[in-house]
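What follows is subunit A paired twice: with subunit B in the first complex and subunit C in the second.
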Partner chain A sequence: MMIDFLNAIVALSNFVLIPAIAYGSQLALGALGVTLVYGVLRFSNFAHGDTMAFGTMTVILFTWWFQSLGISIHPLPTALLALPFGIAATALLLLGTDRVVYRFYRKQKAQPVIYLIVSLGVMFILNGLVRFIIGPGDQRFADGERFIMKARDFKAMTGLKEGLAIKTSQSITVVTAIIVVIALFWFLNRTRTGKSMRAFSDNEDLALLSGINPERVVIYTWLIVAALATIAGTLYGLDKSFKPFTYFQLLLPIFAAAIVGGLGSPLGAIAGGFVIAFSEVMITYAWKKVLTYLMPDSLDPSGLVQLIATEYKFAISFVILVIVLLFRPTGLFRGKAL
Partner chain B sequence: MAEPFLIGDTMTGGYGKGPDILHECTIAVDKGEIAVIVGPNGAGKSTAMKAVFGMLDVRGGQVRLDGNDITKLSPQDRVLQGMGFVPQNHNIFTTMTVEENLEMGAYIRRDDYTETMDQVYDLFPILKEKRNQHAGELSGGQRQQVAVGRALMTQPSVLMLDEPTAGVSPIVMDELFDRIIEVARTGISILMVEQNARQALEIADKGYVLVQGRNAYTGTGQELLADPEVRKSFLGG
Partner chain C sequence: MSDLSKNLSYFALVAVLIIGTGFYQSWNSALFILNMGLVSAILSLGVNLQWGIAGLLNVGVMGFVALGGASTILISMAPIPAAWQAGGPRILLGLALGAATIAALVIGYSRLPKGRVRTIVLLAVAVVGFFAYRSVISPAIKSVEAVNPALEGYLGGLGLPVLFAWPVGGLLAAGAAWVIGKTALGLRSDYLAIATLGISEIVVAVLKNEDWLTRGVKNVNGIPRPVPYEIDLQNDPLFVERAASFGLDPTMASTLFVKILYALLFASVLIILLWLSQKALNSPWGRMMRAIRDNETAARAMGKNVTARHLQVFILGSAVCGIAGAMMTTLDSQFTPASYQPLRFTFLVWVMVIVGGSGNNFGAVLGGFLVWFLWVQVEPMGLWLMQVITSPLAEDSVLRLHLINSAAHMRLLTMGVFLLLMLRFSPRGLLPEK
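Right after this comes the complex of A and B.
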């Protein structure tokens, strides 16, 4: 009985909790980027998914280059070493885009909906750029040790029937996300520049009266967004794989996360990321195994007990998004209403 | 007569490409004085103040601060020249703490501003108590104190207040006026727009009654309070 319960917990951790925590961290980092752009620059940046793709692509290119030079930080993936270079390249891209595209509309004090359409245009260009450089196919770039804990080792260690596997990429994701979030909150709440960004997001006119330079705030925002997008994309790519189209698709769960948490609220973006990730993983998971351990034999489920097939996982983000917009448009953490 | 410290001299102008709202309107305040702009609704009171602060196009006339022509300066540049402005609405950062509001007020200062912050806390002790609370959670009167405190952080020589007592109770209004007098005593010129004309003129060294964007009556606060025409038309008898 006790053993069944432990097996159920292990199976649940292995197939639901650990993947959802890793995926939630990736979505949270993505949603933080979206929410910062919304808070400071006041538009929904539809190019964010492809910004992540661009950042990840540059990280992959640097990874390949380092691998060819024989540089490695085994057992950690080489991509971590390439990360700062990817961030730098993405920062240049975003600052360039701002200079060439967004600044023009800022000067005109364009409506948010115009920005949104403009960001769609940027999205298509980045989309093409990434495919042109690295191709539309799947790229695996994870090297180093694949597992921290192998399912077989766990079984041998504990004697349980269920195995628990922890991928290196999953633990790197969580550790990196924690570090990034702490650094981001420290920056926003403790530094003069961070506070000026929050002030600008809170009340633009008063920020101008206080002598805060909007162009500087915009530059800092893009730099942070570049770092967040590249890190989120690279972690996702390490955990799964890199394919430009997948990153475009990530836009939906990321926006859902940012809106569920409350657009403009960094804390909300993190909470939203986990809400979306857990919903997605739990609803698409086949609960048969876990339930078999927990239920008396006579009540064993005959089907898979899977609410929705994984192919439809995007429907989940979409439904959550619609529900939140209907009943609490400002999100969990009272962000700005759309 | 010597030139006043800050003067909007025969200003004519309006917003953007719109029609003129102000017509040869003159507003001035001297060092350590309180000047109050009163008048009926739509008289251009706030507009006159915004003109002095550079928030609309002044097409005729001049704005001079300490004898220097600042008509062409942007509001931000006027802050650097020592002008502080407290707008009527949205005058605090609601999602930031009281202390962060004051810090943002001091954003342009690169020197140590802790002394100024202590002075603001001395002036508004309640703010010190609530320094770590979000400004959006405070009462109307306390918010106005945060707004004034934020503007004082640049150590301005002129403080401009757009209806500082709008929407607060009469008791809080009296207290705010007391604080404003205290600020003036430190040598800061105060220029403010007020709905509560009688109470405002009582504390005013100089009063301006505007009607349809023009100077209708000008005088010391007491003169205006004593003027039968002003009493009849604007102070309710």
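Right after this comes the complex of A and C.
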């Protein structure tokens, strides 16, 4: 009886908890980027998915280059070494687009809707650029040790029937996400620039009145967004694989996460990321295995007990989004939207 | 230059571009551009109704187009009796159960007193309803999909003429738009954008995976046509004789003839919709819509029900997109859900509306033609450009091969640049709103 229970817990962690925590961290980082742009620049950036794709692409290119030079940080993936270079390239790109594209509309005090359409144009360009440089296909760039713990070793170690596998990418994701989030909150709450960013986001006029330079705030925002987007994209790519179109499609869960948490609220973005990731993984998981351990033999489920097919995972973020929009449009953490 | 002559000269330019394609490339591709240009113009009219006239941001055009496409299957394919026998009524029963559950939830939410009791009751209804729905529908779907899966494996349609699918496509899209509009309208404009983006992904996911309905990624081929088949024309001695009198061989003549018939059909739909849109734009209703767009608060103060009007125009615009989707699938005579790509079916339409001139129906139509023409022609132009740029490189240089192979992605980039330039330097479009 006890063994069955342990087996159920292990199966649950292996197939639901660990993947959902990793995915949730990736979504949270993505949603943080969206929410920061929303808070400071005051528009929904539809180019965010493709910014992530661009950042990841540069990381992949640097990874390949390092691999060809024989540089590696085995057992960790080379991509981690390439990450700073990817962030730098993405930062240049975002500052460039801001200078060439967005600044004009900022000076005009354009409506958020106009920004949104402009970001669609930027999305087109980035999408074309990424496909042009690296092609529309799947790229795998994870190297180094694949697993921290293999399912077989775990079984041998504990004698349980169920194995528990932890991929390197998953633990790197979680560790990186924690570091990034701590750094971000430290920056926003403790440094002068961070405080001026929050002030600007809270009340633009008051911030201007107290002598905050808006262009400086905007530049810092883009720099942070570049880092967040590249890290989120690279972690997602290491964990799954890189394909430009998938990154475009991540836009929906990322926006859902940001809105569920409350647009403009960094804490909300993190919470939203995990809400979306856990719902997605739990609803598309076939619970047969776990239930077989937990239920008495006579009640064993006959089907897979999968609530919704994996193909409909977008529907889950969407339904959560709709529920939040209907009942609490400002999100869990009372973002500034509405 | 007066407005009329400006309009005329832009449309003359489009005509020259298409006719030029006919002379320099082939009449077949010129007619292809014309036909898809007509459909694009209709799509762009629909989005213009939402964005140009009412200021609503619909980023889910693809979903409505795909619903229109699916309606051609539901209306025009022959029903499959074996599949219906295997589980048709049971699927209908399952769908009815699902609908009843949702209805019960909605009614329960509005009728029951607020509180913990309501939450528990509604949750119970949702769980019971979901499992009842699944237990009824799952086995039925399995047995329907097992019926001759290589060729059928779905319920088929009603076997009606395919032209009926066009209005039905519009109705399906309107239904989806009602659901989205009910939830997302009245909130920030960004929310509507994200909600429509979501619904379009879901619609396409359903069409890809519900094999019993649309055969999913196995596609439906051979959707009946509203026009004669080339092979019948080629076997018709009268037609061959006529073609010969124009100096055309029968194969060529029949393909061109079929395409021209489509063009006439599409043009008549476009003219009807354009006429209706113009009427709407210049009616008190149209003026009210623009007043709401320009100053919502003032319109509210005048006693206009802004949310209801938004819902109305959102549904109308989406219905137009649905009609265009049905026409597009009719033109292809096959339904391939995997071909619905948001960049092509949503964002390109946005480029059309913005380039043409949002708020101006003729502008939207012009944008539809012009941007579609560019979309088709940028690919060969990009390839040519890449060949010129890379010509100093060695024949087998890796860079050269990569650039030439990637030239196809140039058009996304071009469209983005085009959109940004337009927004920056001529935000009102080629034919601005009056």
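Quick notes
By definition in this document, the second predicted complex is superposed on the first by the 337 of 338 C-alpha atoms of A that agree within 3 Å, B and C clash if a C-alpha of one lies under 4 Å from a C-alpha of the other, contacts with A are read in each partner's own complex, and residues count from 1 in each chain.
Heads up, the rule we're going with is that a residue touches a chain if its C-beta (ideal position, glycine included) is under 8 Å from a C-beta of that chain, and two chains touch if they have at least 3 such contacts.
The shown structure was predicted, so the numbers you read here are calculated from the model rather than taken from an experiment.
Considering which of subunit B and subunit C touches more of subunit A, the answer is C.
In the superposition on chain A, A:315 makes contact with subunit C only, not with subunit B.
Touch criterion not met for A:186: it reaches neither subunit B nor subunit C.
Of the two partner chains placed by the overlay, only subunit B lies in contact with A:195; subunit C stays clear of it.
Of the two partner chains placed around the shared chain by superposition, subunit C is the only one that A:101 touches, whereas subunit B remains out of contact.
In the overlay built on the shared chain, the residue A:207 is in contact with subunit B alone; subunit C does not reach it.
In the superposition on chain A, A:65 makes contact with neither subunit B nor subunit C.
Across the superposed pair, subunit B and subunit C touch subunit A at no common residue. Residue ranges of subunit A in contact with subunit B, taken from their complex: 192, 195-196, 198-199, 201-203, 205-212. Residues 43-44, 46, 101, 104, 112-114, 116-118, 120-129, 131-133, 135-136, 248-249, 251-252, 255-256, 259, 303, 307, 309, 311-312, 314-315, 317-318, 321-322, 325-326, 329, 337-338 of subunit A touch subunit C in their complex. Taken in their complex, subunit B has these residues touching subunit A: 75-76, 79-80, 85, 87, 90-96, 100, 103-105, 107-108, 150, 154. For subunit C in complex with subunit A, the residues that touch the partner chain are 55, 57, 59, 130, 138, 183-184, 187-191, 193-195, 197-199, 201-202, 205-206, 208-209, 342-343, 347, 350-351, 354, 405-406, 409-417, 419-420, 423-424, 427.
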